[in-house]
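What follows is a set of structures for review.
The two complexes that follow have chain A in common; it is paired with chain B in the first and with chain C in the second.
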Partner chain A sequence: MTRKRALIAAACFVLCLLVPLVVDQDYQLNVLFRITLFAGLGLAWNLVGGYAGQLSLGHAAFFGIGAYGLVLFNEKLGLPIWLAFVLGVVAAVGAALLIGRVAFRLRGPYFALSTIAFAEVLRISAKNLTSITGGDVGVQAPALFDTHPSQWFYVSAVLLTALAFTVTALIVRSRFGYWLQAIREDEDTAMACGIDAASTKLRVLAISAALTAIGGGLYASQFFFIVPDQVVGLEISNEIAIIAMLGGAGTLTGPLVGAVLLETATELFKSWFQEAHLLIYGVLIVLVVLFLPEGIVGTVARVWRRRKAGS
Partner chain B sequence: MEVKLWQAVQAILNGILTGALYSLIGMGMALIFGVMRIVNFAHGAFMMLGMYATWMLFERLHVNPYFGFLAAAAMLFVLGYATYQGLLRRIADRSDFMQILLTLGISLILTNGVQLIFGADYHQINFGLLDINVRLNSHVSLNLPWLLAFGITLVLGVGMFLVVMKSRLGRALRAIAQNRYAASLMGIDVMRIQALSFGMGLAAVGVAGGLLLPVFYLYPGAGDQFTLKAFVIVVLGGMGSIGGAAIAGVVLGIIENLTSLYWGNEWALVVDFIVFLLVLSLRPSGLFGSQRV
Partner chain C sequence: MTALLDIEHVSKRFGGLRAVNDVSFSVKEGEVLFIVGPNGAGKTTLFNLITGFLPPDQGVIRFAGKSLAGSAPHIAARLGIGRTFQIVKPLRNLTVLENVMLGAFLRTRSTTEAAAQARKVLAFLQMEAVSDLPAHGLPLATLKRLEIARSLATRPKLILLDEVVAGLPTAEAMALAELLLRLPEWGVSAVAGVEHVMQVVMRVAQRVVVLDRGTLIAEGIPADVVRRPEVIEAYLGAKYKQVTG
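Entry: the complex of A and B
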């Protein structure tokens, strides 16, 4: 990323941070929180799914560990709330290393399948272990911010997205980032060039899991009350993956575009279709796979490059 | 002591009966994966369509589900053929990343489309046959609908196995599974055979859906857990091995019923996935070797 573009990006994030000075309605701030939060989650997923080319359909596992980590370390063990938050993120990294070790030994669809299986084990266990998690009845999440919560949650979501964006931008232009993209393009060739594919994939999954768990903790505290289906369900996993794919997997700004589009569309569809609002996810996935395999940003960038080369 | 032993026997017998249906679902998935290299994330959603078709026939036309399942299978065969020709064919040469996403999208459309049309309510059908139990002794009895489903599944499962192993179509299927390019050089119309095998794989879940209807709840998400179970079965049996999937289905049924007996029904799916993750980490080629289709 050039210096100029970095400055533009920084200016955009500062502008986003100033939004609460203008918007003061809780509902609007909550919608903005959701959009920015999922932009950050999409960026986190993009590291694994976009740059490393490993399709994770179980990011809800890390999201849920972040959410339940905050709640349980704080409520059950009585730890200070910010320490509990950090421990939730650490737990998610541990989980990522565990599942990565199993899943990355295999290629093809196995990784996607194992991530789903792992997330489902966590979800059903959280439902069943009612004495710890409250099960389907749910559990109350501690409040991270005492005053002006809507404003602060929105600001922290912007900061998470800025963090994920910066991490991605730094990784993409680093040696590590080139390893990831080499693995995505051809794992055998990458290994023949001396890249330790297993540990590279494991490390990027850990980074992605940490960012996702931060999002999970914020979400839990903002929502105030969580149940397993909501924070560890397949829906969350799908939502995160679709956002990145729609915007453009393997592009820096794709997840931002995807989050704005998908979350706005979901918000609109919720009032029209209520129960079946997930229909839009399915339609979008099919359309993207068939017509926009590089996502919106990826396709626009390709057309742009071609025009530039032509002129 | 003796009672406990009979409980275990009962659980194992129930496991075999449930497992036969799992086998059929898994065989459909294995056929599709073997021939097309596509992991069908819409497997359970198509099964749910089969259940709704059988249910509509029962509610509107009073067709007994034990005949209705044939119509569901026929419908799903056509739907599978059309889905392949209309959607899957267009991305045949893309990465499995894209293929997984496409079938996931189809699954979401089917589940939520059905929810939009029929609502999210649970349905259960009722007719005289359902309460009949066959007593083997004072501790062990078998439920007639499950026995019927088992018998039908056994016949169709063996039939499917024979088609794949003995018929001309089956030989073409296996040729494509081994090497798609070489098969096309031998004069096999790969696209047509793949469309047929996707149709056959879905017909298998159509049968399973129809047979499950009398003993299961019907709602738009009814198939979701079966997609996940089908993954477990296919991995357990060795990706793409139809015979392996048949055995793995029964194994999974027994594991689930024993889990239910000793730990409670709510842990059955957790144990499924733990078995799955263990197999992947210890013996990725599956429990029953690595032969394909």
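Entry: the complex of A and C
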């Protein structure tokens, strides 16, 4: 990324931060919070699923640990709220290292299935450990912001997205970023280049899990009340993955485009179709995989390059 | 000259198949050694054993005096063993330059330095014209060179070339052979596995090892080895028997 592009990106994020000065209705800010939060989550997933090519369908595990971490460290252990928030993120990194150690032994669809399995184990545990998590009855999440919560949650989501974007931009330009892409393209070749594929994948999963858990903590506190199906469910895992794939897995701006499109569409579909929006999700996945395997940004970039090469 | 690579009584079985059977030989520093044998003779398995992609069942492999037993592939690469893949494995969605940079990243953290190193290697292999093209869609001859370029960029002490000339037209194969002759400029010893491209073997090889169904049956300088009756029978067939005899 050139200096000019970095400045443009920085300007965009500053503009996003200024939105609460204009928009002051809670509903609108909450929708914007959701779009921005999932943009950040999509970016986080993109490091593992896009650049490193490891199709995780279990990111709800890290999201859920971030959410329940905040709640449990604060409510059950009585730790200060922001410390609880940080500990939730640390716990997610720990979980990523454990899950990765096992799941990365598998390649391709077997890896994807194992990530689903890990997230499901966590979800089912959370449902049944009622004395700790409240089970399906749910548990109240502490408030991170006392005044102007809608504004502050939106601003935090923008900061998370900016962080995930910056981390991705720095990684992509670095040797580590090239290593990730080499692993995606051909793991044997990567190893023949001296790349320790196993530890590289673990490291990127840890980074991705940390960012995802930050999102989980923000989401829990903003929602005020959480149940396992909502924060550790397959739906969260899928949503995060689809956003990145729709926008363009392995592209820097893809998850941003994907989040804006998908979250706006979900918001509309929810009022029009109620639960049928899940059906639309399914159809969307099939269409993207069949016709837009590079996602929107990936496809546009390819056509653009071809035009440029042709002229 | 000291031995760079020592292979002592190495065996590997796949079920009932003895893919590599009690093979011993060594490679000296600066040497270009060819392993001749048809498909299934055990060349690729041997390369996989040396580079840690497979563990040997028996035997010892020593590189620069150190045992490689059980080392992971990336460790072998870091120690200085480069390899190419018989079935080319380019990083398809990256450019040729980026492919080679990934080799160079083994010795440098800097992207600019890796790019500079990669360009040097691409110039040596006469691939500058394609350096900005994506690796997918390139012809086989270019992909074979790309395998060498990526491996050479890791600055290996030893490079294992698995069928780098297989499937290439004779002119391409001979052009590649001329480049292999210049490998010592890079301070690298080479072991090349070939099936039957004898012109290249005769031109480039300093020493030849012949494998037959996992067993080493002959070793020596190319001119001698190709005249041995058992080698002619097993590998080169009646056609060569007439030519050489």
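Convention: the second predicted complex is superposed on the first by the 311 of 311 C-alpha atoms of A that agree within 3 Å, B and C clash if a C-alpha of one lies under 4 Å from a C-alpha of the other, contacts with A are read in each partner's own complex, and residues count from 1 in each chain.
Keep this in mind: contacts are C-beta pairs under 8 Å (C-beta built on N, C-alpha and C of every residue); 3 or more make two chains touch, one makes a residue touch a chain.
Values in this document were obtained by computation on a predicted structure and should not be read as measured data.
Peer 1: For A:Asp188, select first, second, both or neither according to whether it touches chain B, chain C, the two together, or no partner.
Peer 2: second
Peer 1: If you count the residues of chain A that each partner touches, which comes out higher, chain B or chain C?
Peer 2: For chain A, the partner with the higher number of touched residues is B.
Peer 1: Where does A:Leu70 make contact in the superposed view: on chain B (first), on chain C (second), on both, or on neither?
Peer 2: After superposition on chain A, A:Leu70 lies in contact with neither partner.
Peer 1: Which holds for A:Val158: it touches chain B only (first), chain C only (second), both, or neither?
Peer 2: In the superposition, A:Val158 touches no partner, neither chain B nor chain C.
Peer 1: Is A:Arg105 touching the first partner chain B, the second partner chain C, both, or neither of them?
Peer 2: A:Arg105 sits against chain B, while chain C stays out of touch.
Peer 1: Is A:Ala60 touching anything from chain B or chain C once the two structures are fitted on A? First, second, both or neither.
Peer 2: Neither partner.
Peer 1: In the superposed arrangement, which partner chain does A:Ala91 touch: chain B (first), chain C (second), both, or neither?
Peer 2: Neither: A:Ala91 stays clear of chain B and chain C.
Peer 1: Name the residues of chain A shared by its contacts with chain B and its contacts with chain C.
Peer 2: none
Peer 1: Given the complex with chain A, which residues does chain C contribute to the contact?
Peer 2: Against chain A, the touching part of chain C is residues 51, 53, 72-74, 77-78, 82-83, 85, 89-94, 98, 101-103, 105-106, 108-111, 114, 150-151, 154.
Peer 1: Flag every residue of chain B that touches chain A in the complex, lowest number first.
Peer 2: Interface residues on chain B, with respect to chain A: 39, 87, 90-91, 94, 96-98, 100-102, 104-113, 115-116, 119-120, 224, 228, 231-232, 235, 264, 266-267, 269-270, 273-274, 276-277, 280-281, 284.
Peer 1: Name, in rising order, each residue of chain A that touches chain B in their complex.
Peer 2: 53, 55, 57, 101-103, 105-106, 108-110, 112-114, 116-118, 120-121, 124-125, 127-128, 234, 238, 241, 245, 273, 275-279, 281-286, 288-290, 293
Peer 1: Quick one: in the complex, what on chain A touches chain C?
Peer 2: It comes out as residues 173-175, 178-179, 181-182, 185-186, 188-197.
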